[in-house]
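In structure tokens below, several structures.
After this come two complexes, each holding chain A, first together with chain B and then together with chain C.
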Partner chain A sequence: MQKTLLGSSLWYGGAALFFAFLLAPLAILIVVSFNPVAMVFPPQGFTLKWYATILDKPDFLQAAWASTILGVATALLSTGLGVLAAIGLQRQRGAARAFVSSLLMSPLFIPAVIVALALFQIIFMMGLVNTIWTLLAAHVVVTLPYPLRNVMAQMEGFDVRLEEAALTVGATPRQALWRVTLPLLKASIIPSLIIVFVLSWNNYTVSIFLANKNWTTLPLQLRAYLQYEYEPFVAAMSTILIVASIVLLLIVDRTVGLGAVRKRD
Partner chain B sequence: MGQISVNRVSKSWGSFVALDSIDLDVREGEFLSVLGPSGCGKSTLLRIIAGLEAPSGGEIHLAGRNVTRDPVWKRRIGFVFQNFALWPHLSVFRNVSMGLELRRTPAAELRKRVNDALAMVQLEALADRLPSQLSGGQQQRVALARAIVLKPEVLLLDEPLSALDKNLRQDMQVELKTLQQTLGLTTVFVTHDQEEALSLSDRVVVMNKGVIEQLDTPDAIYNRPVSEYVARFVGEAFFFRGRVEERGATQGMRLAEDMVIPVEGAGQRAGRDGVAFVRPEWVTLDTPQPHGDVELPRGVVDRLMFFGQSSDYLVTLGNRQMRVKRRPDAPKFRAGDTVILRCQARLLPNAASAP
Partner chain C sequence: MKTSALVLPAVVILGAFFVVPLIWVVILSFLGAGPTGEVQHAFTLGNYVRFLTDSYYVNDLLLRTIRLAAIATVFSVVIGYLGAFVIARAAPTTQTWMILLVMLPLWVNLVVRTLSLMVVLGRNGPVNQILVGLGITARPLPLLYNETAVVIGMVQVAVPFVVLSVFGVLQAIPRQLEQAAMTVGATPLAAFRRVTLPLSVPGILAGSVLAFGINVESFVVPILLGGGRVRFMSVAAYETATVSNNLPFAATIGVILLIVTMVMLGVYQWAVRSAGRPATAIQAA
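Let's turn to the complex of A and B:
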């Protein structure tokens, strides 16, 4: 950041907008979750009862469980595919590489609702029904760009001689992958796992099209509940989602650092 | 058949020919250097021997077995990369032990062999360090230990010393040679540094544009090169062109109407045009005498350069400049002096070689 008047006023202006539009509503939501009476601000007291009521709502517990399983499965699958794609793409040059990587990255540039609608249409046309598998596949498609981009960024600086050295001491290509390449990509794989989990855990747009009754995720459950009830319980539930996401991202930052991918190069 | 046998090996990428039908036998226990400028195909040859690159044609035999179709991991080779290629996430010990782990070597034997290899390169004390905590010379030693711990049939070195600074490089040359001799390892050493190649090797291969120009002992490569290219690449050379003449029992080369230089070597018959060369240390300078040596080449001292181990005269001969290396005694000549050159130039066998 250049230390010019324009630069610093943009910086502070941006920061102010960020607080006003992103953090302030979240902060209000969190405060409201401790309000004993209703979804109003400022609160008229302090209570934790809304948090306790979660335990009385089996729908929410089940949804939380569904979201967790889906998130973990998406994280593993999406990151795994992202790593494989990044390694494969690194060995290609020219048009094929550019084409395939933009194809895999495209969910980043297309509105999520359109991706979801397209997937829904295809699944419908193929005569499939919404199951955990179609939901999982959809989550993988929309999250794949993140691990792909992370791992590719780290692969840029990767020296193939490190793999070749493994081959010269008797490693098969698969052993070289497990013993040399993947451990060296850890700095981009671990954050990818967590980021994909968070994205999947929070995803609403894709899930609304493709989830079914047995696999209602937490954001869907929350939205469904909101249609009939408007009480601080919803704020409490949202607070849990927010805090869980923040904690996970903090773990990433503390272990390998959110900027680790770039610093490594 | 030698320990390494390269038969008619070629490699091309599209229309670019990196190696053109190379034949090469490396004897058991031999230290062979492959010398050439970048792009001459020397690294490609080494990578093909290792199996890191597949040849477009030809065969590779290691220890009598045809390994042409064998992947790298099935060949029993040790390879040292130019940048060492140590695994940054593993300790020195694990870097060296990886090959043994892959072979499921029992723990006790593994520990002993890794420690032995580290002892051989004087790194036992640093076994727990990460590569990033080592100096360049130490990293080089780890790379060597990693290559020798598996008791390979051949040791392949791809410019392993070029990443080190000069003093360290000279120390490592001695260590490398000692290690190689102690273990009796058949070694192929790729380098673009002619001094390194000459000082370490039993034999030297000089490569040019994918073909072997000359394969011989360091002495023969330096003193009896087969072409201008080799003469130029392995040291400084000054070339003479002229007609070879019989002069009693000796030969001379007439450079001009009144200038003849004594030559030796079975390059050309009398009466034919030829090319001869001298090395800077083969020439002595003398003060011209009024009546003797009328036909010897004359030059004018241009400048004197002091190097400690030698004093070099730069002498202008016609419109060319040659270097004459002398011991750094009190200089006999000053800039501007006219001198005669006493030397025996060596005829190149191949008169057809390009200027």
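Let's turn to the complex of A and C:
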């Protein structure tokens, strides 16, 4: 199929079209961020002023800070719970294990909007207000399946005898956990931390229900801003987020490989 | 130390912040709401009756959400399959980079990605410039704030997931099978259609169910690209809960969306089982 000239040009043309469809919009948005005039492509000049204006927008800085805190906390909690649960499930067999693991994976199959709606309604009806804690809990719940699955997948190829050997030579169970099991699981724990951070950092649907004024996350702030202003400043802000995503993606790819972090596949 | 106890923290958190709220939403959907939105503690089917007898909710909301999500899924699967096929046939080093490029959008904030489509599809955006420049249309087309824009947005979101699902399956198919078919006289196209395509059905099914699941609960894409004109279930649930303060009816919308998802997963299970048989037959042959 690739032998003929027509065939190979069709082939490369198709590949180019596919990647253009996927990535050209982001590239265009990056270029627009240098446009001094308006959100228009091609740009009518070159400026960096929109990047400088970010520092004049405390709302965005605060939102970025909120998203970072929330993302880090979610990553630590969700991955921690996932690792513990995976270790706990490791020795289990049969119906109990199947039930518990499918329970813990179920947030993958339930639309996140329903989880967020449910939490919102309980908080509202109990007369409480949204706090960072409910937001954090919701982020943990919807991200929990990812670390759990990563760690459980790694444990499939895990030699339990290593842990038993440590216990035989006199390690306490706690020492065996910290010195043997957890170091062995590092290859799934680190990508889990990163993937959960990214999922939390990017989350919109859950946050919109549960955020409050003090904890407006970056995606919410960006969308709120878009309702009133449509200027290249948002493109500049977006460019920073795109570059940050590329950097994180490359770090993961160069350290542990991307096979470990595929989302929802 | 009993290691099985380590699963408890996760179960407790999930129980408190996931299982209990879900049960509560189902219960709430059977309760009434007063004129100012206060919840009345008496069982009623009124919310469901109201939803299912109002053509606005059935046609403009539920069926539109399902229809647009389904259309977007079909496009995502076709485009995603082509992408996965190209990647699967590329040289190993190119392949690594291509996968990286496919995963990149998944890591970028959805508001940012949707915003990029607003720039591209805008009245003076590149797509309209090309269309006008080529003389395909005299005036810029309204590409934004309508159903087409929402479908394009959902396809953009879902394609990487489809690529990754299909790619995994395509890679597991031995190339020799296709070559064998061509040795015995099949054209490349026939070899693809009779060998590779049927064997990749599990990937197509998994990709479809992922794409539909993501699309049917779309939130950001319809609010930004639909410009308030294209109503979606998730958005309606949000607005009913926060703007109208009618919690029971918001719960009803949520439960109906949940039922749609469950039915889709059921169809998927059924499709996997019935598609599994011919595929194994080919493998055995």
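Worth a mention:
Everything below uses one rule, namely that the second predicted complex is superposed on the first by the 232 of 265 C-alpha atoms of A that agree within 3 Å, B and C clash if a C-alpha of one lies under 4 Å from a C-alpha of the other, contacts with A are read in each partner's own complex, and residues count from 1 in each chain.
Following the convention adopted for this analysis, a contact is a pair of C-beta atoms (placed from the backbone, for glycine too) under 8 Å apart; a residue touches a chain by one contact, two chains touch by 3 or more.
Values in this document were obtained by computation on a predicted structure and should not be read as measured data.
Touch criterion met: A:G170 reaches chain B, while chain C stays clear of it. In the superposed model, A:Y204 makes contact with chain C only, not with chain B. When the two complexes are overlaid on their common chain A, residue A:L185 makes contact with neither chain B nor chain C.
Applying the stated contact rule after C-alpha superposition, one finds that A:L70 touches neither chain B nor chain C. Measured by the number of chain A residues touched, the leading partner among chain B and chain C is C.
Of the two partner chains, neither chain B nor chain C is touched by A:V196. Here chain A touches chain B in the complex through residues 159, 161-162, 164-172, 175, 179-180, 183-184, 186, going by the rule given at the top. On the side of chain C, the complex with chain A involves touching residues 1, 3-11, 13-14, 16-22, 24-25, 28, 39, 79, 82-83, 86, 89-90, 98-113, 115-117, 119-120, 122, 124-126, 156, 159-161, 164-165, 168, 188-189, 206, 210, 213, 216-217, 219-220, 223-224, 234, 237-238, 241-242, 247, 250-251, 254-255, 257-258, 261, 265. Contact residues of chain A toward chain C in the complex are 1-2, 11, 14-15, 18-19, 21-26, 28-29, 32, 39-41, 81-82, 84-85, 87-92, 100, 103-104, 106-107, 109-115, 117-122, 124-125, 134, 137-138, 140-141, 144, 148, 173-174, 198, 201-202, 204-205, 208-209, 218-219, 222-223, 226, 234-235, 238, 241-242, 245-246, 248-250, 253, 258, 262-265. Looking at the complex, you find that chain B touches chain A at residues 50-52, 71-73, 77-79, 81, 83, 85-89, 98-99, 102-103, 146-147, 150.
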